[in-house]
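Each of the two complexes below includes subunit A, the first together with subunit B, the second together with subunit C.
And then the complex of A and B:
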């Protein structure tokens, strides 16, 4: 079977000045999959996502998304091809309201009617946001902010979502909700690359998974296989 | 919560002793008074009457200092009411004592070798010409009662305090600008009657001050009551609000048109200058306020606009028509080129600093602005731009056969441009581009990830901001009929930035308020010109401390600050 993955990263090297943060990372994400990337602090997970979405420029290696090479493309053009990045720490427009943040998510779209529909759908997906549409997003709780961050990314109708530690700092209940939502979003046909510290939950919903250690991939396999892998259990699930 | 209070009851209370606050505040107030005396501005204040033969600006300044001191103590103190009042009183006492100390020092020692302003004359004025002992007691009494008044003001309801303060401000304006107002009321009939009711030849009378105060107070209270009633009863409906906004904008324009006619050509000139800075302020507001790109080299675009007009229209050896095939243009046909040239330079200016952020951007743009100025003065550019001697003989604009020669008609010309520019700036703010700028200002990474083209949006901000400055420069050149490189100093960039900060970053009305305060006011109060930058500094500090969002902030900015307070 010679199918093309939706996202394919090959031998990616990324530097911060002299420091090599990614040392030849390769990874591929099939259409409609949930791929999880786990790793310790500072392993290079965020760096990888930022390189994919074009905020960082790789020194060498290739990134293909939907058949096109994007490793040289500017970030805004990559975003326009349907790759949405929910950065670590949410990074909402803190001074804007929830609604205005969502509208920012639809920045590139002109189809007003459909934007309205999408907003409505997202409000169903995140009912807690419905009563907070006019609230300044900087004043939301961490969990609510995460919802807005995801909703904002979804407003661009992406084909693929890069999620950087969406469960960071959330209560167990909220973590469950976030993971449920991720599965739901995936169920609507959106491919997901998920970076997580919460390895056990992330591996459970993943179709396939990668472990990154000091800038290179040390293990890969299906979500379930990694969940039962001795090394993974020791390092990330203990 | 409970454990916290328990814990506190075990340990000593954390509040400092009640004397610290008044002592500190009183000393600072006293030192401020001494400072104003030593640099000489107090002397000038004493020479200016607010109410003729009764109250000078100096008295009022000192009283305001003491009142602020009392108000500050009242607000900061955590004590019970009567202790607070005593604290305010004490702070006034300390400030008064320090001022008395100054009087004593001035009479006993010779300080004039160091501070020329500290003369025996000054101490006589300070002691109300009543001799050392009685005068000193009067100073202390005045200082204490002013401090108490300040505290009293703080204890009032917001509405009452606001009305009182604004009414006093009206008296101050009526007194300080008496000459201007009297000239404006120079007509006969009913106008003369009003004038005679309030003024004598030398200035505002006591009766006039009282009338102004009560009239202002009644009007303000009535307005306040109506506003409160309106807020309570009507639901917020945007349509009437928009209509009333439009009405007040039209009223403002009508006043702006009528004012220089009534107040004379000097005021016309001042308003002309103010509107030039409003134009530049709106331009810089696009860069700094909307897109968050700090720019300290803004004057470069102003210069480009001015020099383009000079080169295209001047009747001089440097005019392009002299040694190229280009025809000599008039102001109107040269204007688009001036704006275009400024825009182009703005974009070029933006290119090297695209990836520079924050403080570094300020320094980089500062350097770019200086480069432009130095280039203009340089020997290399001398054959083209005239070097330090500049380019002379720039014609004034004509409409038909009418020459817009005097400041008032040039002001009208500028006003038209300001209105057009304001409309464009307003539309930009709400546009897609405006939203892109806002996103970039807040978070460049996220903006990109949402599909916003950073390079394009930033360059557009520089280009459009520069276009406004180029327009201002073009008018400036034709106003002066000449351009010199020294007109385009860093100080202009700083002025424009300061007026944005004072008025309120990102706010169009704020630009106007800032320009009036920082450009117009110093022009009208020429006798204090020496202290212009003292005033700037003081105003900037006060605004930053008391109203960091600016005097007339945009609704967005107000909300941001509220969010910051909550969050």
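And then the complex of A and C:
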């Protein structure tokens, strides 16, 4: 038996009109790993995640998730295969309540009892949401919104989570909480592909990591090795 | 040099803003003066009895709830697609025809008069099915190809669909007016607060309230309704939840169409006639009502519709008569459209001032 990664991206080329945002990106994520992707603004991190979850269509290249080719599949079907994407900027349904957002996360599920159980577990994981379930989510603080965004994604019982800059705009305390939560989620067996500006923390929790520059992968290795890499230290750890 | 060229256009811009603000205030004040003068004039003339005022208000609420039902279709479709479904008035017309044919056949067999509840339910059910079906087909074949097209093309297509439906009905069923069946159970007046109200009006308002309540519950308490609101806010994120946007859009058209079909039957019952062009005017008015309530806003459409109905029913007596305008009742439609224009000028986001959900993926 050859070893099969859970997610495998091969030679992906993605364009916005004429501009090539991804120039042959390859990356693989093993089951139960935390893989971190770092890179400067505009390097193509979000573009990669959006291509994986099917919002953007790649011009060429392949994406395999759990053994199936998904590069041609529509986004809502990809979401149903167990891939949950927490987008950059959280993108809550701002006019919906926290609870309604969570229920949208569980849109594809019909197991009422288990949905209730999951909701309860997530309230334990994010205690600050418990007393805010009826609040219109647009009125939550940034940290609370990030919790809802993650909880909403987890409501689908995903096999893998794509996290796009979950610590963006959060206080140091909240950043620590988010990273602790990511480790905890991963401990429950959920595979994670994490995009982060906060390179130091993201590399510390990573099993393996990639650096993306102008649409190409420029470096890859274990989290620790990149953490100590001269080029990474200079460019991303300041 | 640099500063001089920079300052000049800025000043001009500021002056232009204050000029438009000034004209807008002049407009506002003159409208207010006309309103006050008309109302005072009408009250001084004292031409109407309490009974007549009550009739006008009751009729306004009746026709207003029909507008509200139609407006819901506009507002829901706009909410999920940012498309003004200009054919929606004609979808209502289709429902009116469907209800008419069922009612006419039941009238011939005597069923209509013998079983009011069943007959009424049958009319509504068939009208809802037909209108929902046409709405869904319209979306699938006329609007979906334009889903990601920017600019005026989708709107022009919607206008084309409107003509298509009108001319189809004209082709199949003729251009003449047909009078809607008038069962005995709708003729007797009902007494309400010591006033007499035609039974039709009581039935229409009561059923419209039930329909709106059910619709509100669907939109706010069911999974599909919540998905509709989610898609309306952010299509892209909705798909990330595994929501099939096409299904949500189909559901929205079906729901809006069904409610439009109910409105068609009510419109037929109130005005006692059907014809191929009947959807046009109430359609545009209901669109105005949806804008009045803030398009995309479900409770807003309900309130906007009823408000518009009361305005156009009361305004001839309360306003135009006082201004000494002859034949004020011919000007109902004018009132409705003036109101629509005024809303667009002064409150383009509707009376509730709610802004449209910002971006769309």
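Methods note: the second predicted complex is superposed on the first by the 237 of 238 C-alpha atoms of A that agree within 3 Å, B and C clash if a C-alpha of one lies under 4 Å from a C-alpha of the other, contacts with A are read in each partner's own complex, and residues count from 1 in each chain.
Here is the rule we go by: a contact is a pair of C-beta atoms (placed from the backbone, for glycine too) under 8 Å apart; a residue touches a chain by one contact, two chains touch by 3 or more.
Just so it is clear, the model here is predicted, and its values are computed rather than measured.
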Subunit C versus subunit B on the shared subunit A, clash or fit after superposition: clash
Which superposed partner A:191 touches (first subunit B, second subunit C, both, neither): neither
Subunit B versus subunit C as contact partner of A:76, first or second or both or neither: both
Partner chain in contact with A:87 - subunit B first, subunit C second, else both or neither: both
Partner chain in contact with A:136 - subunit B first, subunit C second, else both or neither: first
Subunit B versus subunit C as contact partner of A:55, first or second or both or neither: both
Superposed model, subunit B segment overlapping subunit C, candidates 9-17, 27-35, 81-89 or 225-233: 27-35
Shared subunit A surface residues [contacts with subunit B and with subunit C]: 53-55, 74-76, 79-80, 84-85, 87, 91, 93-96, 103-105, 107-108, 152, 156
Complex interface listing, subunit A residues touching subunit C: 53-55, 74-77, 79-80, 84-85, 87, 91, 93-96, 100, 103-105, 107-108, 152, 156
Subunit B to subunit A touching residues, read off their complex: 432, 435-436, 438-439, 442-443, 445-446, 448-455, 556, 559-560, 562-564, 566-567
Residue numbers on subunit A that touch subunit B, as the complex places them: 50, 53-55, 74-76, 79-80, 84-85, 87, 91, 93-96, 103-105, 107-108, 136, 138-139, 152, 156
Subunit A-touching residues of subunit C, taken from the complex the two chains share: 223, 226-227, 229-230, 233-234, 236-245, 357, 361
